[in-house]
């Protein structure tokens, strides 16, 4: 055990981080500061304050912050400007929240004079990496306490026993023999891991999903919505101007109603193993489609292709926890630069789990009907040019062909 | 007019290529060989023979080939091994058929001693490039006649006038004032361009779609299907072993029934303009999802990421017409190499326009439940390792942080 | 011949562009504005004015500009920030000057109300593309006259005959039977093409080289120089602060003296053919080495690798003439962003054609001797961390290995 | 201490690995198998056998192998096919030898029934990673003993004390107060780290270099050599056909004589720190230049550019120790595929530290003089084609320009 004076704990108020809180007090005999964030996960946060007080945390050491606007404005939206998807499917809902939490943990550490941070992520997952890389980048000398990598409470039984022995209330859901899903939620998504999902050939139970109705239960009539974009970000829905976090909340509501954004996949974790996860990302799924739609008319072809070629690496950086790295920042500078003309609106159809772009327009459109038309274009485009274009592009192929290749 | 003795024409039997056939005979005064391919577009091909005969084409100069198996086996499937998508959306249904047609045109040119090929693609589109790059690569000395870049029949009116003046039958659909959609179909997709689609802010008409029912009209009950993969290709559906083209035909039937695979987008053409297109790719949409699903458990993480990083360039090559280029072949060698272990099955749910993976398994799975489990893993994974992993990955960030960056 | 009122000609004063000047007057019967740039090519420019006057060009239509500082500051230095090399060898000396000339041609066209530009680049080379892409990007409606693609003076004999018939003075070097090398010079380099260089298996003649002594003839003693960097650019040499173009002039002098920067290669032109070229880039060769040296201690590893991964594409864009494209600008934003900490000095040894970095230092260094040392580091680095680092990086390899892969 | 029965040690016979041998016997009380490789490092290996016998190693447990041919043929040459350079400078001489040693360690472990391997690399460097990733990939269950990460002999003084206490002979070079350079040598290079090189602003001492004369001391006359390539590998020098390792030995001799291949740089280690290293790679430096030279006339442009774009990642994989990973193998398949036509000869000039290509030819050349010529080409290339080529490539730029971008 290293020598720690004061530690800031990412504290949800749930069972695991409550056990950690107590364990930190016992093992490290240090002052604990709790940080509980409202990321839009849809849970009451005041109970976390009460629990913290019960553990003897000083009121001034309890931080409960509403960071929803910062989350969407400074993390989610910048990420969507790149049309970011990890491994062709995953919208990075958990990954993108971790750097914000790391940032707040360090800010609070500096405010309170703490020398350490702690979190409840296990030693098998990506989140420990995301928290800690962020913390080290922002405060190189910080100490990190990762209880799951240190203690011996490695099974659910031992954890429950420790909780009961220390008077930590355990909700019913933890007691019914089987462990609950490992879940994470914020304004962008809710995720599910563990339990029978550990078998990739077993279909997820309908009862697992929380935020979306099943497509079968969604309305029988499609709904159309219009999204307004400015510099690559949505600023209004159906003509109503909204703040960033309001945009995402509204899209979640719409998507959830229409059964949009469920995902079931096996992903590759940064720590080297494959893992089955299920995700509900209703608003994000709509947002991605819409953003591609508005870019399709406002971005130059080669800029769009450059972005597409960089995206997998950018997604990997976020997934692996490198939000606060200089390489992610460098890529962001490029991505943000490309969004200057990504303005306009996109119309989407929402229906039974599906979202599709049906129309789009922009004052900054690069779609030029006079050139694209099948009708007479009055000379806007000289078809004969294509002959030379093809001839020169073919030249190296022809030279090789003549050599019998 | 260059000096041409014999020309092989990609001949559909439709109005445009019939006009071209006649025009070639008149302008070039050369022998014409017609090539009509059954790519699974779902049209009778014998009428093309009759028409060709009426133009005086010698029976031995009329080629009508069923290339469906070759198309899917040697072009569609290799492309799907890379999870290929152009600009985040387009499944390249037209692009992937062109190199096969180019190959057959050249094969027939060699068989018949022709010195030129001709096609009906306009000077504004991508298809001229795809046909001609392929032809030049495979027969460097070939002459190419692209009537749309040469003649003066640039409006639909002039074309119809020429047809009537030369006794070429014109179907009713061409006569009703408005031009029809510009369409292209093969086993992978059917595409629509032109008419009111030229306005990107206008929604496509429901009556336009041909291969898929609308999601609203699809069955109210979901359907589950199992796809069997070998080396990255689907070889069976629901336990029935099928040839490549049968696989795609069956998936089209299933997808079409469930309203799957409609797409409405604005894409960037190689010739430099943006263009609105609508596509129906029912089977391909299912195939892409399923292939990602089987790869998710059988591919190594870094191999998967390498493929993802190369995919945009590979897609661009196919879109731009470089199938027969050495760089596409080099990428294919890598892609094919990665598919050796992509074996197993994927279960998909089809419902109202949506397709989702719900289960997958493989004898070659790299998913290791003993390591991934949230339960006690008996030491298969040492959580303490993660501490060192993070510490060293953070080292450069901490050194930079200490310098105040 | 399209209808042109006034054309701005990139005019060197040499034989070719003098013939073009006359030809434009005769063929297009339009007003000609001449633009002659001092890019540091080391030739007198006033003779160009005299010649232009002899052709009847109005004094107000003769532009002779010293653009050396702009050239190095806004084009050469930004390019070197990316350690740009084309095809592993070529430092892009010609490529990087063309966009500046294109920019000035268009600026002058706007000032003088011209509707066209013209240049002396042939239809086989890259320069036509660079001039014209730049011009079209900066003035989309501009007309371009490329005489070499239009006229029939395609052999040197015809050109000389035209010159003599029109009273255009022909220097002796053009007359001695053999054509001279095709050369291009500016502050960054001088290039040679043509003549017996057209045979790639023939060594270049010693007499061809102009700016550098042969390594054999260089001083027998090495010379050491110190370069001072700020934000990735050299701002001083041996303690003397210099302007951008003075930096390059001084490095050319030093490099030339020591026989540095000769290059003999076969490159791939954008128009599809391979071409033999010889280059002398004395200052640029030193600059590249030095820039890599200063980056080696000031750039983060992953930022450096990101730059390296983007460089080939960036180099291709410049080589192919896309300086004024949005994708080059987007990449530049990223590149420039990375240079904020690229400050410090580099010591180089120059000797007999070689340049090597022997020392470097920076207040912004990320080299941390306390960590890197082979001696006891007092706990700055915990070697045990490496075990976990390796274990987790190996995990996927081990899982695959257990499956017999 | 984990339970180890038999360990294969990578044994050089030097001080460090001799201490390790003894320490393994003492600490693990297990049977030790020694493996000593002749990689062309130029040292007698029989003394290693004598030392091993003195430690009581059974004769059958002493492996001394000449792996020079395998090293160059299966590791060095494949790497050079990609023109591989790490961070713009480093030719990966150490990196490329480690996977071969890892492979042999595991082969010997299987032969002798050993359950562990051990090596003398420190916990700060890259070599531990390279050894261990290779070992884990090839034998997932193997145990790895890395003494430098386990023991307390972390300073040179402690190591020397342990050696003397255990009767391990210490050469004079280790005793003179200062530690020697940390060196590694094989047929590709010799490297130097540590001592006063730990200060990047100090120039390396002339006395440090071993394999090359200084450029100043090199012959005053240049030497020309011809290299013959087959499928990307050198198979002959000056008309004499040679085995792979003979090629490299001969090039080392030539390069060393002419002072070629010295390098002084700061590199980024995989474990997160920057490190100063000096390298002599005489033969490799010649080889890289020559390979680029032969590729310049035999590779298609886009294939060459594809290779260039992949090279930084390929180099990173080798540097970081992922030779035996599936992603390196996938890239190798692509790289090897591209070398089928890389045949022919290259003439190089060696002089005073410099190597330059002066001529090259190949039966598979894609250089087409009839097209490239500045003289009349008899219609091989139609210059007018370039107009259309430029026009279409400019189209998107012009459309954007018209929108004021």
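To keep things simple, chains are lettered A, B, C and D as they appear, and every chain counts its residues starting from 1.
Note that in this section a contact is a pair of C-beta atoms (placed from the backbone, for glycine too) under 8 Å apart; a residue touches a chain by one contact, two chains touch by 3 or more.
Since this is a predicted model, take the numbers as computed values, not measurements.
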Neighbouring chains shared between subunit A and subunit B, ordered by label: C, D
A-C or C-D, whichever has more C-beta pairs in contact: C-D
For subunit A paired with subunit C, centre-to-centre distance based on mean C-alpha positions, whole Å: 43
Averaged-CA centre spacing for the pair subunit D and subunit A, given as whole angstrom: 41
Centre distance in Å when subunit C and subunit D are each reduced to the mean of their C-alpha atoms: 32
Where subunit B touches two or more other chains at once, by residue number: 268, 271-273, 300-302, 305, 313, 325-326, 366, 368, 371, 381, 384-387, 389, 392-396, 399-400, 405
Residues on subunit B engaged by subunit D in the complex (per definition of touch): 268, 271-273, 300, 302-303, 305-306, 313, 322, 325-327, 329-331, 333-334, 337-338, 392-396, 399
Subunit A partner contacts - residues on subunit D that touch it in the complex: 300-302, 341, 364, 366, 368, 371, 381-382, 384-389, 391-393, 395-396, 399-400, 403, 405
Complex contacts: residues of subunit D adjacent to subunit C: 83, 87-89, 122-124, 128-129, 132-133, 136-141, 144, 146, 148-150, 154-156, 179, 182, 193-194, 198-204, 215-216, 220, 222, 262-268, 271-276, 292-293, 296-297, 301, 304-305, 308-309, 312-313, 316, 324-326, 347, 351-354, 356-361, 365-369, 371-376, 381, 383-387, 389-390, 393-394, 397-402, 405
